[in-house]
Every structure is written in C-alpha cells, then in structure tokens.
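One structure, as structure tokens, below. Some questions next.
In this document, chain identifiers A, B, C, D and E correspond to the written order of the chains, with residue numbering beginning at 1 in each.
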Amino acid sequence: MKQLSEILKEVAFGSLSSGEAEMVIGWQKGPFWWQSFPAFITDPGGTGSLIWDPFSVSNLSKYLLKEVPEKKIALFLKGCDALGFNQMLRDGRVDREKVLLFGIPCDGLVDPARVEAAGLSKGLLQVKKEQEELIFYYKKGQRKAPARDFYYAKCLSCRYPNPVIYDQMLGEAVPCQPVERFADVSKLETTPLEERFSYWSRHFSRCIRCFACRNVCPACSCRECIFDLAEPRWLGKANELSETQFYHITRAYHVAGRCVDCGECARICPVGIPLAELNRKFIKDINELYGEYDAGADLDKEAPLLTFKTDDPDVSSGS
Amino acid sequence: MRFSYYPGCTLKTTAAVLENSALKAARALGIELLEQEEWQCCGAVFPLTVDEIAPFLSSVRSLAAAKDTGEKLVTLCAACHHVLKRANHVMKTDKDVCNKANNYLQLPDQYRGGTEVIHYLELLRDELGFSALAQKVKKPLTGQKIAAFYGCLLLRPPAVMQFDNAENPSIMEDFLRTLGATAVDYPYRTECCGVYLSVQNEEIVAGMVEKIINSALRHGAEAIVDACPLCHYNLLELQQKTTHGKLTLPVYYFTELLEEALGLEDRAEEKMAI
Amino acid sequence: MRRIGVFICWCGTNIANTVNIEGVTEAAGKMPSVIYADNYKYMCSEIGQSMIKEAIIKEKLDRVVVAACSPRMHELTFFKTAAAAGLNPYLVEIANIREHCSWVHKDKQEATGKAIALIRTAVAKAARNKELWATQIPVECRALVIGGGIGGIQAALDIADAGFEVDLVERTPSIGGRMAQLDKTFPTLDCSACILTPKMVEVASHHNITLYTFSEVEKVDGFVGNFEATIRKKARSIDLEKCTGCGICWEKCPSRVKSEFDEALVMRKAVYVPFPQAVPNVPVIDRASCRRFTREKCGICRKACPAGAVNYDQEDEVLQKKYGAIVVATGFDILDLDDFGEFSYGKHPDVLTSLEFERLVNSSGPTGGRLLRPSDQSPPKNVVFIQCVGSRDKSRGKPYCSKICCMYSAKHAILLREKYPEAQAYVFYIDIRTAGKDFEEFHRRAVEEYGALYLKGSVGKVFPDGDKLLVKGVDSLSGHAVEIEADMVVLAAAIKAKSDAPQLARLLGISTDTHSFFTEAHPKLRPVEAHTAGIFLAGACQGPKDIPETVSQASGAAAKAIILLSKDNLLSNPCVSEVNESLCTGCLSCIKVCPYGAVAEKTIEEKIHGKALKRRVAEVNEALCQGCGSCTVSCRPGAVNLKGFTNEQIMAEVDAICL
Amino acid sequence: MKITTQSLCGTMVKEIAAISGENVAKCYQCGKCTAACPVNMAMDILPHQVLRFLQLGLVEAVLNCNTIWICASCFTCAGRCPRGVDLPGVMEALRAILLRKRGFSRFKAGDMPRVLNKGMPEQGIVSGFRKYTK
Amino acid sequence: MPVNLKLQSFEPLIIAFCCNWCSYAGGDLAGTSRMTYPANVRVIRVPCSSRVSSNFILRAFQRGADGVVVAGCHPGDCHYTSGNYFARRRFLLLQRFLEFLGMEPERFQVHWISASEGNRFAAVMTETTDKIRALGPNRKLRDTR
C-alpha cells in the first residue's frame, strides 16, 4: 500500500504540474488514525499530503457536482467509486471529458468500529496495511492482525474491487472473493411480517433525517431533491415516523435499478440504519424478476425500470 | 486435437467395423479420441416420457465425465449421438429434470449441460474441416457414385439435434465429395429405414428399405453409406430379403470409405455381401 | 383565495335517489375556497348550463366543480359552458357522483358521504388547476408516400386529388409493386395489369404528384405536420428527361442477370426496365451487374442510345423535403423456404412458389402466358397446390394466417383449367378461409365448375421421380394417405414483412409487432394510423392483405392524411408534460419511457458563479406528447410534470379524499 | 358417439399429458404428421387421428390400435409439425400406459435367440426392449 | 368522515387510482350496469397507470387510506402502448418492497381492468374492501398525529 500511496502522489503531482488538471481530489490524513478526509488540491506542491490508506473510504466523485472546472479535475476511484462514477455519468451529472480518473484496485477498507471492538484502539497512533495484514502502531510497539477481519461488511461482499472505468490504473488488479450479499435480505424476507415491521420501525424511528445517506449516494445526484422542494412539500419538519418511512421508502425506490451497492449510505448513517438492506432488496428482486443487473457495471443494458418486456412477471394480484 | 469419445455397445460387437475404421482414420488424421472410462449403455432410444428420469442417468454420467476433462464428447453411433445430445439438451433446458438428475447421481460437481456433444461427422466438418481432410486423402474415390443415407437419428428433431438442415442436409455429401467420390442425390436419403421395427415387423421395414435402395439405384448409386448400425443392418439384411438374397446395392459405414480414401485399408469384398 | 363554485346535478332521479342532494350542497358550500354551491335537476341541460354560466359571471368564480356523471360523458360539455362564460375550460373539474357513486351504492347515507368526499376531492384539485391553452402547430401541406405498390399508388392519388402535393417514393425502378406481378385477380378474374396500369399512368401524370422511383427515404425528422425527410435518388445512369424508352439499350446490353420481377425465372439485362408497362418507362443501369461498372469495360448502351440519355457518371441525389403527413405502404415479401426442404423447392425446377406460378401464367411472363414446366417446357397435366407453407406454422414459419393463399390457390386452380381443360388441380388445405365478398362463391366455382380436387390435409414430402413429382400427402377426411404423381407443385409460401421493415420503423419512429409488421395505433378503432401522430399505414406492411383491403386501407390512410393536411394549424392537447428546467438533472430517464419520442435532450446555458455553464435538460415536444405521464413518474425530483394531472393536483386529491 | 365433459378431460387424458408433456389441443389437424409418416400404410389409426381421438377423449380407442406399436419414433412428424406437437412423445406415453399399468409386453426374453441369430445389432435389440416391454 | 378505529364497525378507506381509458371506464360501466360495490372505494382518475407515482401511494397510506389499488389497462392494451408495462415493473417492485418492510401485501394491489370489465371492476373493489376490512385499520406508514 505504501507503494500505491507514492504512485498516487506522483500522478497527482504530474497532472497538476503538467496543467492537465486544475484540481486533484484525493484523500488526506486527519488528526486521528481513523480519519482520511477528502482533499482538494490545486497546487502541485500540495500533492505530498495525499495518501491512500485503509481508511480512504469516501467516494470522491460526488464532489465533482460542486465543481465547475475549466480544465480537468483529477480524482481517484476505487472499484465501488467507479461504479458510482459510471452511474453519475449515465445520469449526465459528470462530464467524462472534464475528469482524469486514476483507478485504485482495493480489496477492502478498515472499519474503525471493528478496530475498536477488537480492543485495539486504545493509544493507537496509526494503522498500516502490508499484504494481507494490518499493523497497529502504538507508542510502544506494534501489533499485527489479519486485515480482512477488520474490513467493512460492504467490502467483504464487494464484487468489483477493481475499477471498471479509469484513464490510468494505479497498481495491480486484486482478486475478488465476495461473500453472499443477499443473506441478510433473504433472512429478513422469511421473518414474520409483524417482526419485519417492528424491525424497520425500530430503525426508522432513530433516523434524525440528516440526509447523509442521500448526500453520500452517487445515485442520488438530483440538482434539487424532491424532499427539499417547497411545493409539493412531501415531508414536514416534525419527528414523525410516517414521514421518515416515506423518506426511506422513496430514497430506496429512487435508487432502485440505479444503486451500485457501494454501501456508503449504511456506512455514513450516524444512527446505524441498515440502509444497504433496503437497496439490496430492490437489487435482489430486480435480479430475480428481470435478470441480473449491476448498476454502474452493465452500461450496455437498459436500467430495469426504464425498460420492460411484454412477458414480465405480473403484478396483478388476487391476494 | 483431443476429444472424449463415447463408443456405445453396438460398436463393441456387431458394428465393430464402424468403430475400428473410425478410430484408425482418426489416428491417421491426428485426432486423439479418448474412450471414456466406465461408460454405460446410452439406452439406445431417447426416453420420450417426461415423468421419469431413470433412463437419462447413464447418459448424464457420461456427459458429466466429459465435462470433467473439459473436452467435447465425440460419438459415432447415430443412436448414441441422438440420445446423448438430447439428454444434454434436457439437462440444459429443463431445470426440474436437471435438479432431479443431479440429486440422484450425487456427482462431485453439479452437471448442467455444459458438455458439447458432437458426432464424428461434425468432428470432421467443424473441428478438422473438410478442406483439411481433403489434403489427407491419398486414394481419392474418384468416379465412385455413392449415395449417402442419413436416417432419422442424426437429423431429427432438428431443433435439438442441430446437425444439418433436417430436410435438405449436405454434410454426408460434402464428406463424400471430400473423399473424391461423386455424391448421389436422391429423395429418400433422409427417410426412415424402419429402425427397431425390424425386431417385430420385418415386412414393414423391408418395404421401407426397398424404397430407399430403389431410389438410390434409380439415381445411379453404386453404393450406399450410412452412420448407424441399425440403418446398416436394415439396409443390408432387409435389402436381401426383398431381393431374395441378392445384394443390389452394397452398404458401407461412412468410416469405411474414409479409411479407404486415407489409404489405410481397402474395402474388403466380403464386407459387401455379408 | 380561490372563488370556487360547485354545481351538483340530480340527473333526474339517477343521482338524487341515492344521494341527499341538499345535504351535499350544504356540505360543499362549507368546503375551503368554495363560495357558491347550487344544484339542479339536469346540469347538462340548457338551463343547467346557463346556471353555471351566470354564476361564473355573477359570483366571479375562478374555478368550477360540477358533480354529475362521469367526466368521460360530459366533461367536454361543461368545458364549453365555462368557456362560453369566459372561464378557461381547464379550470373545470368533474366529480363523478353518478357512475362511481349513486349507481353503484344502495345505502343513501353511504352514497351521500362518498359524494361529499368526491366533491371535496374535485374541489381540492380544482383549486390547483391552472389555465391551459391548446397550442397551435402549423402544418406543412404536403404528403410523403413511401412505397409505390397499389397501396401507395392509391393513397398518393387520393391525397393528390384532394388538392395536396404528394411525393411518392419507390425503391425499385418502377411503381406497380406486387400487383404488377400478378396475372388475374380474385374473385373477379380481371386482369391485374388492366386495372393497375391506368392508375400507374395517372400517378405519373398527376400534377400534384412527384414520383421518385429508384429512390429511398433515408432519414425522417420532425413530428406531425412538420416532418422533414431525406430522400436519396439513386443514380439511374439514364437521364430521365432524355430517354424515350425505345429499348435499344437493353437489346444491346451483353450482361444478363436474373429478373427480380419475374421471380428469377428468366434473365434480364443489366440495363433494364423491370416490365413492359413500367412507370416511368425509363431503364436503369444495375451497376452491380453492368460490365461498365464491374470491369470498367463495355459502353455499348451509351453508344447505342439514340437520345444520348446514358450517363455513367450520374451520381446519387439527396433531397430534403418537408411534409405534414406520411403514408407508409411498403408491402411484403415471401417467406424463404430453406427450412422446408421436404417440398424440394429449389432442388426441382417444377416445384414453384405461387408468385412464380403467377408469372408463368402471366402473358407478360417468361412463357408468354403459356403455362409450361420450367424443367422441360411442357404443359403440366397434374398440378398440386399446397397451402399454408410456412403460414400458421409456429415451428418453422409464421404463426399467422397469410390470408390471401386460399383465394389465390383457388384462382390458380381455375387458371390452370382455363389454360388446359384436361389438366387436374389438386389443392391441399388445412382450412379454407374465404371471408370476403364473393370469395366463398369463387372458391366453390373452382371446385364445382373447374373440377379442382380439394384435399383437407398436408403434404409430407415431394419425391422427385424421373420427370414426375411424387407427392405424398394425406386426405384427412377419408382418413387415407394419398400419393399423387404431379407434373408441377405450387407452394403457397407465407407472406412476411419486408426484411428491412424494422429499420424503416426505427427511422420513422413507429413500432412493429413480433413479425416486423408495422403496428397500428389501435387494432379496432385506429387501424390506419401508426402510433406516431401524422404517420399512416396502408397495405400488407401492416399485416397480410389482399388488393381490395389494401386499397381500402390506403384510401383510409389518405383520408386521415387529408384531414391532417387540410388544417392550417393543429391544436394540441394541452394536458401534456412540461419540464421545469431548473429542477431537471438531465438524467433523461423520461426519454426512455416515452412511447412517442416526445421528449428530447437539449442543452441550455446558465450562469453559475459568473461562469457560463452548459448543461443538458429534457424538453417535451408538445405536438408529440399524448399526455400519459409516464415520464413524470420516472423523474425523481419531479422536474417533469403533466399539465392537468400535476403532482400537486394529485397530491391534493389524495389529501382531500383521505379527510 | 356421445361426447361429455367427463370424457374430454378424464384422468387418462390428463395422464397422457403428464407422461408426454404434450398438450394435444395444440394440434389443428392439418395432417402433416400422417403425410410425413413413413409407416402410415401399416397403421390402423393414422397419426393425426390419434391426436384427434385424444382431443375427443377417446383414449381406449388409441390404446387398442396398432399405430402406437408401428410408430418407429423417427421424428419426421415432430420435425415438420407446424404447431410443434411432439407426437412421438404422445405415442410413447400411450405405450407407457400399456406397458406400465396393463402388463403389456410385446417382446419377451424368448424372442431373443431369434433376433440375435439374425445378427441384429445390440442397438436394435435394446431399442426393441425399451419400446416393446417394461 | 372520521375513521372509526373500532374493529367491529370498522369501514376501511380504499383509494383506487384508475387509468382514464380502461379502468376508469370499467368503473363507469359498473355504474351504467348498476352493479354494486362498497362505498369505501374512492377513485382518483389518472391518464395512465404509469402516471401513478409511488409518492401518491405512500401519501395515501400516510393520510389514512387502509388500502390502495392501482388499476390500468391489461398489459398489451395500454392506450399509450407501453405505460402499463412500465407501471407493472414499478409496482411489482414497490409491492415486494412494502411487504419487505412489513406491510400486509393486500393493502397495496394492482389490477388490470379493461373498459369492458364492469363486473371485474365491481368484483375487485368488493374483494379488496372485504380483505382490508378483515385486516383492520392500517397503522403502518400512517401519520399518527
């Protein structure tokens, strides 16, 4: 990883100093071991602060929406980020001509919560990845542990560790051994109706409607979100469960057939609502009903809700 | 070129000529045919009833074994080809039967129709290529007027067998022309010879064979070739029945002509008249 | 604050019997923004309508709700009422308290409660109604007819006779199409050429028709009333103006190719007119087979031409023209019989398709009308006709009935006897379908007067045997397998859509069915219109058809085109989608779901942080939009809205209905 | 002949459908199967009539005919049927009913020497066994 | 009309979004044929089933509907050619999703009713009302204020 981090700095420096790009969006280390923030660098001299470490989780392409470049913007994409980028491309939200994409193969990123849960966080100064292991650095000494044990759940089920779109690939492609991603959805599907309802109500009632799930999502890229409109006003301001339900159903429905399953919504949620399960329910149903579809990857296929077959399964229910 | 090879019962006994000549020719053509270990009888007829799976199982076992070696499965006997190809089709398209068969056989890996079944003739046409075959012909059968007899099992049902245009095939004629012979076109070349009806209804089969032989003769054939032991038996034996023992049109397996054209062995006269 | 008036109809006793009119009127009067509520026995009557008009004026109503029968019944009536009182009609809402209330509920209390709820809903919606105006779209008063067969000819003539300019585009060198290939026509047996040729000449001489033969439509843009087509006039290599049609060029031409017009039964020259009555009677040089072009040799025709009309350097000409309406009449093809080897078609020269047979009996055909066997030029004695070759065959052919085969096979059986009184026709059929005027009588004549033997059953195989064709079939009525020694076998091959029909459909933005026939807008009520407004269908390009049906449909299509062209302007349905560009993200999902191609992409420029920024947004073509609203649902931020059924309106309805 | 709803959809009709996997209603009686059949001359009920009888629910009549034993499973009919009816499958189902349930056996072990002596290939003998006996 | 939450006398509120060309006309036919169905059903007319947004359905539940029906032309008969094909996909996914969240599947139904099926319109509305009456009032997705 160290090596990749160096390459990353080099290409960032190169693209800025050559004038090819006017800005590089990458990651920078924050004050704590688990902080890797997005960084927006326009001066070649500043590229030395860029990093790539097991916490470089944020998808940088969403920041493109805020920028109005004259020249190109260079940015780094992991496998999941690339899918999201493609979805934004499909939605016409980014201009392929105005970006310079550096692909980063990524076999998984570390969930600080798992580090904490393993009791490794106390006095921890830095975490580095070497091959398949994480090295935890403390004031005194260091500890090692298998990296995969600390990965985000979303990384363990990742099916596209290598970017599907890029101008230049940094590093060697990594292999992919995803775990079954629909297990939780399938399990929920078989629990009794009322139990399911209370499960989701429990989660939804904790929602503070911060909209982070929407803001982080590469498929939620509307100029103005339907929930921000004054007229018609779909959501009030009160903490009312039915409105929260309305929001979450609609958010998931709006990304149905478009969600790239990057898992960012669930990761970002400050109250831990398992949002990815909502998205995956749609993905699973779409796959079952209309054929396998990977948003962000199947660019030659029409999005499932924007097409139909005359012999699609029927919805008309006698039930 | 290496292939799995499924011989079938008849080729080890009454139709040994077919197998011997085919294997010899294959060797001469640089084609490696690896006989499957522990193959079982294909069942001779494809089970048309859809409510039982037992008759499929031996075919599935052979197909799965071929898949394990990753090679295409070559057949020679038309009946075995028919049964294996159709069984494979069912495994590919009928999920229910496929699941049942897999459950029953408890194979190490699930088999879902991945093997490609090809007939020896298809091997010559598509894998080796008739033009490559023509290069290897040492003793062209120039001037010999030979009628091809397709029979049913290679061609039908066309949607599954995908062997050639079922009503107007050309693979055997193309084969004969590759060997330097003159292929005789006659309308009965895709008719049924009567197959197993000769077990009980010889007289019906004799009538069918008579029409085939007469048609071939009228169109100037000097010999007839086939690819199926049962066709071979009917054309040969029942021809003599209608002609009172006289063989008006000699009958060969296509591989015998191949062997001869490759300069491996001459057609023995005695084979002409059993 | 709105000023809404509510008018409740008794519909005699129809509503009043189950709905408490007084109670409803009182409740309506208390609804938000309602300043006036009244009721009357028959709201749709003159008196009722005047009541509404008066109230609109007197009470200065700005919205009107009529609670009466279904809007599908009287919505237009009340629209006109409002308009007469100076109120935009789209400010009127109907509450259906008859079909959806008084007629389906027995309990008066329940029905009254529901009527109140329905009125409340209509009031809530009406409060959000906006004035809408139908836009006017100018119409280009010229029609394009694609295809010069009998369908295209008829449509072109009808439109031209109505006084509009028509451009008729035909791909081959001459108009005439399939009908020109035919000998006689059923059920009257009049000569096809005799009735077709005058029409062809009329087309050529009509002052309103411009004929483009040997030409193809390459591109069509625009929409109803305003199409723009690109037409490629292929190089004929013969000057249309100079050529006199004397025929010396094709007499001298040394290259011979199979004649398309004669179904490849004879050869034509590389410079040729397809048939003697061709219009225009000017040859073309088929460059693919002309020695001048293939080998850069020859030049005989140019030397021979007394008019100096041969021009090897002629180039394709590309025209761009505007049209208000388009009629598509591109006809059909015959099914390829490669998969039907059992009939020995293509293997034996005396096994023919019906169209080939048609050429053989035609006096301008290869045998000069003497029906002779292609193999030995002898007259056939026994001819077997086989119907449904590829028709009604879902395995190897087409699942549909080709519709014309029963009749032309009967015709052929009759023509056979007329040529050779001793000859015998055998017709294998599955079912005889003679649904047409005088069709059944015609078929019976073939059997009873011309002695054709009809066998219900099929033919298993045709075995060529010496100079005979042994036909093995079955007569299922007697339950016997039959064998017929025939001299000729004629196959009624299925009709199929032109192989390039899907390309043309894409070009025109119309749809095709699974067999590539063009689809009509409605199978019963709009059979000559394509889904795309302004495009009409005629003839077998829409499905198998005989001549009279083709001509009727062509005249129908022409009438529809004339209706369109005779308007200076088109009034559009104002309930169409519109795009709020500031909300539009430019994902263009709306384009994908629009069945009419009414949404398009456009680039707008905006100033953001002082920078001029271009971005893409969706744009609705109001002339094409039919108002289904599918796009509105595909639009996540709600940038696309459907006028008359806006998100705000429907949401208000939901809210009101739930109160 | 009296036709009733019971006879049209009797258990035997359903059983034949289940064994053959074929829906006889697909047949529109064009007769292509009979016309194509190379052994129709030896049959007492013609192939298209077999399907017609089944459409009429006359199962016993077809179980008692020789047609089902004359059919050589050559698939000529199936290959040419415009409706895609698998008639050989229907014939097999009819044979199966007789062999499985009614103890039919048209080929006995005692017949073996006769055919073997003739030099009949194994393929033919096995086929005979499979087609004629259980 | 306050909704009575007591089970014994519970009368559900059912909102039916009907396409103008088929289902609304089917409802009209039920009327002209004097068929009867419960007054619990209230129809909102839309041009096409593809005009019905999930927002409207959720809003209806939120505001107190106990059941929502979307009715459109039979697949293949859409007045606008393909609207109901899109609607079919949208609503099948929504239906399965709502069930996934714990909503009784009966509460959101989609039916294809042609303009000639007045009897079917009445039957669907009657059955739906009966089913939802048996389920009791909807509290899920509902604004409890």
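Heads up, the rule we're going with is that contacts are C-beta pairs under 8 Å (C-beta built on N, C-alpha and C of every residue); 3 or more make two chains touch, one makes a residue touch a chain.
Worth saying up front: this structure is predicted, and the values here are computed from it rather than measured.
Shared contact partners of chain A and chain B are C.
Hopping across touching chains, the smallest step count from chain A to chain D is 2. The chains that touch both chain A and chain E are C. Ranking all chains by how far their C-alpha centres lie from the centre of chain B, first place goes to E.
In this structure, the chain pairs C-E and A-C differ in their number of contacting C-beta pairs, and the larger number is found at C-E. Each chain gets a centre from its C-alpha atoms; the one nearest the centre of all protein C-alpha atoms is C. With centres taken as mean Cα positions, chain E sits 51 Å from chain D. Centroids built from CA atoms put chain D at 25 Å from chain B.
Centroids built from CA atoms put chain E at 62 Å from chain B. Centres computed as Cα averages put chain C at a distance of 47 Å from chain D.
For chain E, the set of residues touching two or more other chains reads 54-55, 59, 82, 86, 90. Shown for chain B are the residues that touch two or more other chains, namely 166-167.
Across the assembly, chain D contributes residues 41, 76, 80 that each touch 2 or more other chains.
The complete set of chain-chain contacts reads A-C, A-E, B-C, B-D, C-D, C-E. On chain E, the positions that touch chain A within their shared complex are 54-55, 58-59, 61-62, 75-76, 82, 85-86, 88-106, 109-112, 140-145. Considering their complex, residues 1, 13, 15, 20, 24-25, 27-32, 34-39, 42-48, 50-56, 59-60, 63-65, 79-83, 86-87, 90, 122 of chain E touch chain C.
Residues 185, 188-189, 193-201, 226, 234, 238, 240-243, 245-246, 249-250, 252-253, 256, 278, 281-282, 285-286, 289-290, 304-306, 308-310, 312-317, 319 of chain A are the ones touching chain E in the complex.
Of all residues in chain A, those touching chain C in their complex are 68, 70, 90-93, 221-226, 229, 231-232, 254, 302-303, 305-307. By the touch rule above, chain C contacts chain B in their complex via residues 338-342, 344, 347, 395, 461-466.
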